[in-house]
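Note that the chains take the letters A, B and C in the order they are written out, and that residue 1 is the start of every chain.
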């Protein structure tokens, strides 16, 4: 009964979002106040209905209702309750319900926080969001209904994929979707502005905090996913340039460009049409990511259940939403003009180049991700594109970007006055180079060509991030959250660059074949296999190794990697054991019985790797602090 | 025309590529062979089973020179191979072409038992115990079936279980009219 | 990663998951450290044909093990990295190479980021030139707006 209610709530939600978009778009067009007044109640209702649908699905999972096909496929009575809830978004259908619900949350937030905006503008924004909701709800209902019953009910479920039975992964999709979907708000603001044919600095001030918060969610979502891959996939990698990862990274890159472009539009009323285009692009790439992931067009071999119906549905949706927005753009953008001027070394100019480099980086990732598809469509053959392509083409625009940021943070609006800031620029650069030398000569020793470049750029950026806040404090100017947030985010980026450089340059890794009592050298470390024993978990049994890691003859840590055998899914999983420290991670994974009492063991020691994720959280924190700036709240009060 | 139409133009191209992508998605499980139109690899491998009592211990692929033939890559560990086996038996009864079995990374005894219990469609079965010949053929998953012409050139490769329809459409249809008669059983 | 597995789930590719979870640990080492380094690099740029976006270095699938052995033997026989790549490409096509070649059918892919970067820089330069001319007539004052 409950699942049917959930299904019914979703169907009702579809009708309510139709009303939301119709009233939201037609109300202002025909100047009907009562239509406009109906938009917010529609938002509240669809939020309630989508919440009910999600709750119904969760209820089915929590109560182990294996008469629901989706539950039977993705859960099991032995699964802990927490993972039963996370199993809701463990596969396609439930992910869509979650996606729809998160969009309804953002829509609700816009409805509640837009009372100070012009009524017509708010109504149009909510109307556009309604159209996006409509796409997702009908997609769920038409191709991916999670409430389908199984006749007869399954005695027990097939269990959640063991890889997904993990706290980081349980929280990763909601974060990621909150980011993806959050860009829908900037998109809707952009569409509403284009419909009205009016875009001013106030518009940029409304749009900025929404964009920044969505971007912060996306940063955290990507970082959680990467972290999870690192310790759960068990092979020590943290980024694979996988199509699915790229699908989340492209909107992040364009979203980052949008945040910076919005800053120029708000401050100077410049780059208006460019900002609009980025707002459309960021959300389009989120949708495209969904398309690529769900339609199976990119996942080449062994994509057993690639579903063309779903692909065609999303493609149609893409054409309507993105095509519509771009048509609107082609029509309205030429009307936007600005007479503001700026010099080559001004902040506007730095942010312009920042945008170009970020968009080129996103385009390079896009080219690599789409290449197999494009090559196939043009009859140029079947291709693979991996790390060996992405690494260099991504660094091409992003290395200059870091240097640009390190200098640009010292620049001012309109007239750069960079010459006057020469002291600060040179001092920070000197600090960066000095610390790099200290690190490389004192701590780690020489390495690859990019090692000193990465360290110096990252450290220079960190040093530069402090200059403006310190300068303001010294001159007695109040530090606003916007300034502090910006500094935190750029420190985060610097930390990111430094930690990636350290990990890529100084990781020691080796695969060993060890019998009990034997040891093998890995860089400066020694890994000794002390024992193996059988252990039993709730839904698996495992072989657990005892591995002692020694540095200079002294034991550093004892690790217990496991090789697990999950009964229900009948899959073998490697549960690596990682001793996580801020300075380095010591990692061991247990491979297989090689015969003769020997087991294969993967040994890795990675310096500073935890700073990679910490850096992402810093960037997100910076975004949230900046978005809390009072001028955005004041904007509400004033407008 | 203005530069603001450009994004929409790029998007139209993208949609075209994606549409083609969706259309081809169901065929994505198959990676086209790099060997089509190129000489088939040569091999000299131990014989597991042969329809000819005079067959030597080793089989040399050069003995197939001048004849259209089929190479079927299989193994007793491969579930799909069991599925296609009856089709191979029908093909053998038709006797349009010699069928060479390449037993890929398998146990010889298990292979012999398989052929005894399920029937032997092959003219010769050779053992590729270390999987080297399979790599030369660019095999990435059994079963795979190759069609090789009288000049020793690979004409076609089918990935996955053979079906009567595939056999008709992709193999027999590619034979020149007389090959079907002169190919015969050796 | 994360999403990769979500995707794998979505398409129900059970096999691919199995291959991920039981990744390859390859303790066989070549005696010459220089060869071992080249071996590691090469096995990371050859794709496991049966897997989702995994190199033969990371895959436990039998064929990946055979291909690693092949790489090892070719290197021991004194082949260059390029000869090993060509050997694999002759058998498995461009699909096996994670690093697309510089060839007629793949050049666009390598050229795209460079061309886009140049176009982008040119466009930015034009904007800067146009806006530079407007500085004198623009009344905005940064010092005044700092608060």
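Just a few scattered comments:
Going forward, a contact is a pair of C-beta atoms (placed from the backbone, for glycine too) under 8 Å apart; a residue touches a chain by one contact, two chains touch by 3 or more.
No experiment lies behind these values; they were computed from the predicted model shown.
Ranking every chain by how far its Cα centroid lies from the centroid of chain A, the top place goes to B.
Between the interfaces A-B and B-C, more contacting C-beta pairs are found at A-B. Centroids of chain A and chain C (each the mean of its C-alpha atoms) stand 20 Å apart.
Computed centre separation for the pair chain A/chain B is 43 angstrom, with centres defined by C-alpha atoms. One finds 30 Å separating the Cα centroids of chain B and chain C.
The residues of chain A that reach two or more other chains are 296, 299, 301-304, 306, 381-382, listed in rising order.
Of all residues in chain B, those that touch two or more other chains are 31-32.
Within chain C, contacts with two or more other chains are made by residues 49-50, 93, 95. Contact residues on chain A toward chain B in their complex (touch as defined above): 273, 277, 280-281, 284, 291, 295-304, 306, 308, 311-312, 315, 318-319, 322-323, 326-327, 329-330, 333-334, 370, 373-374, 376-377, 381-382. Of all residues in chain A, those touching chain C in their complex are 90-92, 95, 161-164, 169, 172-173, 176, 224-226, 228-229, 233-235, 237-240, 242-245, 247-248, 267-268, 270, 293-294, 296, 299, 301-306, 339-344, 348-349, 352-353, 356-357, 359-360, 363-364, 367-368, 371, 375, 380-389, 393, 396-397, 412-415, 477-478, 480, 511-513, 571-574, 589, 591-592, 594, 600-602. Put simply, chain B touches chain A in their complex at residues 2, 4-5, 7-8, 11-12, 15-26, 28-29, 31-32.
Remark: chain C residues 49-50, 62-63, 66-67, 70, 89-93, 95 touch chain B in the complex.
Against chain C, the residues of chain B that register as touching in their complex are 31-35, 105, 130-132, 134-141.
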